[in-house]
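There are two complexes below, and they share chain A, which is joined by chain B in the first and by chain C in the second.
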Partner chain A sequence: MTKKKSLLNDQRFIAALVAIVLVVIYLIFSKEFRKYTSFLSMLDFSYYDILMAYGVTFPLITGGVDLSIGTGMVCYALVAGQMVRNNGLPVGAAIVLCLVLGLAIGILNGVLIGVMGLAPFIATLSTCMITRGIGSMCSATPWPTTSQAGGWFHSIFKWTFGTGRQAFKFPFGIILMLVLMFVLEFVLNHTKFGRYTIAIGSNREATALSGINVKFYHVMVYAVCGLLVGFSSVAYAAVTPTVQPGTGAGLEMDAIGGVFVGGVSATGGYGSIIGSFIGTMVIMLLKTGLPYIGLQSNWQQIITGAVLIISVMIDIVKKKGAAAKA
Partner chain B sequence: MGDVILTMKGIDKSFPGVHALDHVDFEVRRGEVHALMGENGAGKSTLMKVLTGIYKKDSGTITYEGKEVEFHNTREAQDAGIVIVHQELNMVGDLTVAQNIFIGREPVKGIRIDDKKMIEDSKALFDKLKIEIDPTAKMKDLTVGKQQMCEIAKAISHNAKVIIFDEPSAALTEKEIDDLFAIIRDLRAQNMGIVYISHRMDEIKVITDRVTVMRDGGYVGTLITKDCTKEDIINMMVGRVIYEEPKTHSMCPPDAPVVLKVENLNAGRMVQDVSFELHKGEILGFSGLMGAGRTETARAIFGADPKQSGKISIMNKQTGKLEEVTINSPVDAVKAGIGYLSEDRRRYGVVVGKSIIENSTLACLEDYSHGIFIDKAAEKKVTEKYIEELATKTPGPDQLVMNLSGGNQQKVVIAKWLVKNSDILIFDEPTRGIDVGAKNEIYKLMNKLASEGKSIIMISSEMTEILRMSDRIVIMCEGKKTGEMDIAEATQESIMDKATRNIK
Partner chain C sequence: MKQKVVASLVSAAMVATLFAGCGSSSTSTSTSAASSAAASSAASSSSAAEESTSSSAAEETSSSSAATSASSEAVESTSASSSSSSSDSGWTNLDQFDGLKANDAYEFPVIVKSFQSTYWQAALKGMDQAASELGVTYSAQGPNAESDIADQVNMLNTAISSNPKGIALAACDTSSVIESLQTCADKNIPVVAFDTGIDDAPEGSMACTVVTDNTAAGATAADGMWEAIKDTVTNATDPVRIGEVSQDATALNIQQRTLGFINEMISLVQGAGKTVAVTGNEFYVDNAEGADADEGSADVVIEVGVPAQTTVELCSTEAQTILSKDDTIAIFGSNQVAAEGVLAANANLSVLGSDVSAGDIIAVGFDAGSTIKGAIEDGTMYGAVTQSPLMMGYYALYALTAAANGETLKDVDAPGYWYNADNMNDDQIAPNLYD
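This part shows the complex of A and B:
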């Protein structure tokens, strides 16, 4: 009965191969891409996407979705930034505020979906609009720059050694992302919360009949997602010179797309944080990498869409194959 | 057999419009296998749901281990040692076997779930049951039989004293049933009380010690299995007074041409080698117990489910000759003149949020359109015609279907297929959820349609309905056709006999 799963059967492996192939192509065809600064800037702009992807993996595993992550992220960054600039809130407190706001919207999503029974699409579409609205009320917010007081939060993601022309920048963020990936992967596979997330996605009814408080865990799923989105807003502020009000819509699609490329089951019941990391890297490589080999942004979109279709098709074909065997 | 562990006395339960349980008595002793039998809708499952706290009883007492008890949910019943192994398994397919068995009570080390201990405990459970299942396998990868073994293992791990098997063998192969019986005997030897709900007469004789029969929500009697015959049990199950006069002879002329011929139809486990003919103007009853494969047969003919093999021929209206047709989807079936009235009306039959007009012309909108525009006037006219013809009670054709009663909703579905001019109508449980008065109207309507030359296949689990409406009866059991008889020779007993796996 117990067959060793072949690596090619694992979508994460395929996604990783795609990522490697992309990098190799870029390295061959673009001089610019071979520069260390390109590498740094690409990573800079991937952190918030990765964090959103980690977060939204949980709702996706339950068969739901969270559309509010993109506008939510920008909204928290705007609100907290506004507080720093206008009210003199210390940057440390602003970071905490980002997390709290994310958690709050996450819990709101969770209650709407898990307790009140709204469809995840509708519930999170509503909070998506609400957060965009709140964000639009703020003015464009420059968080402190690296040289200003409170600029230290930039170095959460990028450590700088030395000064001036000799300065060496080390992308500490990627280490943070990898550590977080393993922590969340552990949570998903080895804790009650993770297990019930999968169980709800697989068969909510049976899970409830097993005596599990599915409402509580369903709320938790969105709360965890929200918390990670809160963190992503810090990452977003750290790399964006000016956070613009009214933006953020569409960013959620990069993250959700990344999770699907990483192999989450489109109908729920399976997913992995490692997969979400790899999948988001693929999306990021397409988004920020294709210009290096001279492809217009329209092409990036088209290719990204095609990659997404292919990844979801893999899931469907696998399921059909399994059904044929049974 | 040991002492009495569970007694249910005078259990009464009503749902709006239905007296589901009428002062039912039932008891289970330690170390016995007690069969609970009855036709579909006799109240067996309802009784067990009352016992395990899924439904709240209106009156009566439940005594368990000498104390009066009332459980409010399955969890409480489970904790007390009463567990149900459901017919439809409550499994989380994406989790492993061990994770399923211990769901909700996982052993933990800190925050980490102790998977190793879970796997070991599962192995120990399986050893105790003498079955071999890999605890780390994903649940969805197991066969239905193995999944059921896991449910049993889960039940036992709750320290169960009473285990209820709700039609456990329905989806199992012969070999798996043998394994199941071995386990049940083992559990009996360990002094557990076992309730065994099944329709299969042969199994009852093999595995059970006593039989309690229910009928129409009431208690009929309890027999010692080895002292009674199969006929005794059947008589107790069907021995009701039939209020409506059954048909005594076929209304369909013997020389009526065949309009539909199905040969050796195969579609999954539930439809095996089914062949039959339907004549013009005939009502062909499909009888059998729940899960006999009747709906599946209808869905396969209608193209709603894929078929593996088989030949379907339909009479060509022009030439009057049978011609083989290929039906791969409901679109093909509707084109061939077949209309299907689903047993789940609200889900598959009508669009409840739409008007009668919109529902009536749904299947043939192209006939009521000019180009891309819908001809509202023609639509309204035809809908009004059928409202009158079928005597649908409604303030007007614009009424939303959800505001109609069950019987009138059914009429809208019928109208839909009449508007489409379908000649072959498959009625799947046409009167389910419809009150008595409306039932009679539907019956009248079906008779009228048949006399006008429509041919009807009527799937019904109600014996009285079968005997009252059918000109001929096909009986199915376990996905196979087990009998076919003219109404003149049909009796409740002869039908029930064939429906309980007595393949002649």
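This part shows the complex of A and C:
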């Protein structure tokens, strides 16, 4: 049977529709939302969520999860920020340190899960606690502001032309996110690593039996996730005036929720980076947009929960439909 | 195919219904939702944090005592100046500590809200200084985050079970510790509450409270802000808006501070012959006193924003929505997180400054931290109110020692100090402005 491709079959399209509907609602009901600066702020706070979502897409496709991304991100930003403040570490080196720390925790997760055979939930819950504890040992740390020495790292995500009130700011980060999206989507669908990731999610035993080094690729999946989380900590430090120790728990849920809205199969074996991007944007629109239309932001969590249920429901209905046709 | 179309239509309709349902209730169940959110976060993180907490807490104690020697001079100069002028500096009942000596080498457990903020490290510096003066020791503990309420109650109960001569406590959630305080009363363990007072503490459990008078401190912020905006408010022909961002509507100190600010601002505005309305968060709207108009007709609108979680990011979103409005002339962030949220929103908006007539929005903060201090130095933030964590820690340990000696104590009120670029290096102010 040749399957007719329909846009409505694609959860990413539906998620994008939801995002557009949200934007339209905000534009209609909020004068403030129509300002360029609101758009800028929303993007500022979305980069670290998007990067975490890109990262965690890989473990989710294998049927696993990474709960350490939120506290990990804050932990790396704290450790590196502390080194910048107290030990005079150049900001460039601090960024590398973030990436290395992320990679290290990612590999640790991978080894625990892929090699030692721990359940992903338990392994990453443990590293979540560990990174939170390490983060709590640091003191509250502001990274350099735009005007201070080392403040150049802000321009990874936002270019500022001019000074003061007339300054024009360009959200370069969104271009970075889009480029990264296409690169990772390519990696996922057209490289050995990506295809094995999907294969592990569909059926780990069969993948192992066909002679693939499942352990190695399983570790790789979490390492890639960790690396992206390391990068997200730079984005987090760029928008948070003072990174506070002990925080970060709960941030992972925005990213993981976004990935599910974007259509990753809850049981593994299917997912896309483009979907994760769109899904995270939906979550971001709910999180930072609702206050503009005068809603108490508690409603954001309730509505986000409802949107999640709906998106997983679509997944189930889709599968049932496919089964009925077969 | 038809099924899929129907499914997606239904889900779209559900989203639309949710929006419609919520749209009308902008002042809806904020308090209950916020508290349930806090409760659930505490529940979910308590088991996770438990193992890591004790180790990180121990780490903190040792590192903070290492950092103490540098600051002890600062304490000394402040304690000298504040005790000599205790009546006009806003402190009350300090004379009860004159000539105090410890009857024994006491060892006190001290339970703080968290080590998240350098605020608590300043408090511990003050305690270190008092401990060395009195010849007593203490061990500080605190949960990973101020929302880890259950963790803190566990720590308190563990401390009680070792039958200490006294406990100093800064409660994350005042109602959750009541049962433990009853145990203290039964076992005759005196408790000194510092930073956060416990209104409904059981009879006989509280030896002394050493807390900032938050209502007065909030009013101090309103007075400071009024200096900058009074001409604009008085001469305005169109309605103007004053924003307020608070990290929650549940913690007593934040409630008092926010209401102290709102109520003082209402009376200042009315003193200038203008009408005023309060909008936004339901709790604060309901508890503000004296508002005499509604949003549509008032000369001055005070808008209160409270985020769902106590993160800088969500505080920033609240600040952003207020700062984006054309009629906003001033904004107040009622603690470090909220004030930094205001500054984060300004990173894109660039509307803050110190000259209202030039179109600047006046920002007033609370507490300190290097981000806020930097913003005040360069004029982005007009001014702020600081508590005195250092001296509260210092006097909390004095109160503990006196209580362990068996003395009966009167409560100590700590003042909030207004500071701006001009006076932030004064002897009275500088030691409290932690980084």
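Keep in mind that, in the parts below, the second predicted complex is superposed on the first by the 326 of 326 C-alpha atoms of A that agree within 3 Å, B and C clash if a C-alpha of one lies under 4 Å from a C-alpha of the other, contacts with A are read in each partner's own complex, and residues count from 1 in each chain.
We take it that a contact is a pair of C-beta atoms (placed from the backbone, for glycine too) under 8 Å apart; a residue touches a chain by one contact, two chains touch by 3 or more.
Being a predicted model, the structure only gives us computed values, none of them experimental.
K.L.:
Would chain B and chain C fit next to each other on chain A once aligned, or clash?
P.N.:
Aligned through their shared chain, the two binders fit side by side on chain A.
K.L.:
Which of the two, chain B or chain C, is in touch with more residues of chain A?
P.N.:
Between chain B and chain C, C touches the greater number of residues in chain A.
K.L.:
Touch check for A:T145: first (chain B), second (chain C), both, or neither?
P.N.:
The answer is second: A:T145 touches chain C but not chain B.
K.L.:
In the superposed arrangement, which partner chain does A:I25 touch: chain B (first), chain C (second), both, or neither?
P.N.:
second
K.L.:
Looking at the overlay, does A:N203 come into contact with chain B only (first), chain C only (second), both, or neither?
P.N.:
After superposition on chain A, A:N203 lies in contact with chain B alone.
K.L.:
Which holds for A:Q301: it touches chain B only (first), chain C only (second), both, or neither?
P.N.:
In the superposition, A:Q301 touches chain C alone.
K.L.:
Touch test for A:R195: chain B only (first), chain C only (second), both, or neither?
P.N.:
first
K.L.:
Determine the nearest approach in Å between the Cα atoms of chain B and those of chain C after overlaying the two structures.
P.N.:
Comparing every C-alpha of chain B with every C-alpha of chain C, the smallest gap is 17 Å.
K.L.:
So chain A touches chain B in one structure and chain C in the other; where do those two contact lists coincide?
P.N.:
none
K.L.:
In the complex of these two chains, what residues of chain C are touching chain A?
P.N.:
1, 3-5, 7-8, 11-12, 14-15, 18-19, 22-23, 26-30, 33-34, 37, 41, 45, 48-49, 51-53, 55-56, 59-60, 63, 114-118, 121, 143-145, 281-282, 305-309, 311-314, 316-318, 320-321, 324-325, 336-337, 340, 343-345, 347-351, 369-371, 374, 435
K.L.:
Please output the residues of chain A touching chain B within their complex, sorted ascending.
P.N.:
Those residues of chain A that touch chain B are 1-2, 186, 190-192, 195, 198-199, 201-203, 205-207, 209-212, 265, 269-270, 322, 326.
K.L.:
Spell out the residues on chain B that touch chain A in their complex, using ranges where they run on.
P.N.:
Touching chain A from chain B are residues 73-75, 78, 90-95, 99, 103-104, 106, 108, 111-113, 115, 134, 136-137, 140-141.
K.L.:
In their complex, what parts of chain A are in touch with chain C?
P.N.:
Listed in rising order, the residues of chain A that touch chain C are 4, 6, 8-9, 14, 17-18, 21, 25, 29-32, 35, 37-38, 40-41, 44-45, 125, 128-130, 132-133, 136-137, 139-140, 142, 145-146, 164-165, 167, 169, 239-242, 244-247, 249-250, 287-288, 291-303, 306-307, 310-311, 313-314, 317-318, 321.
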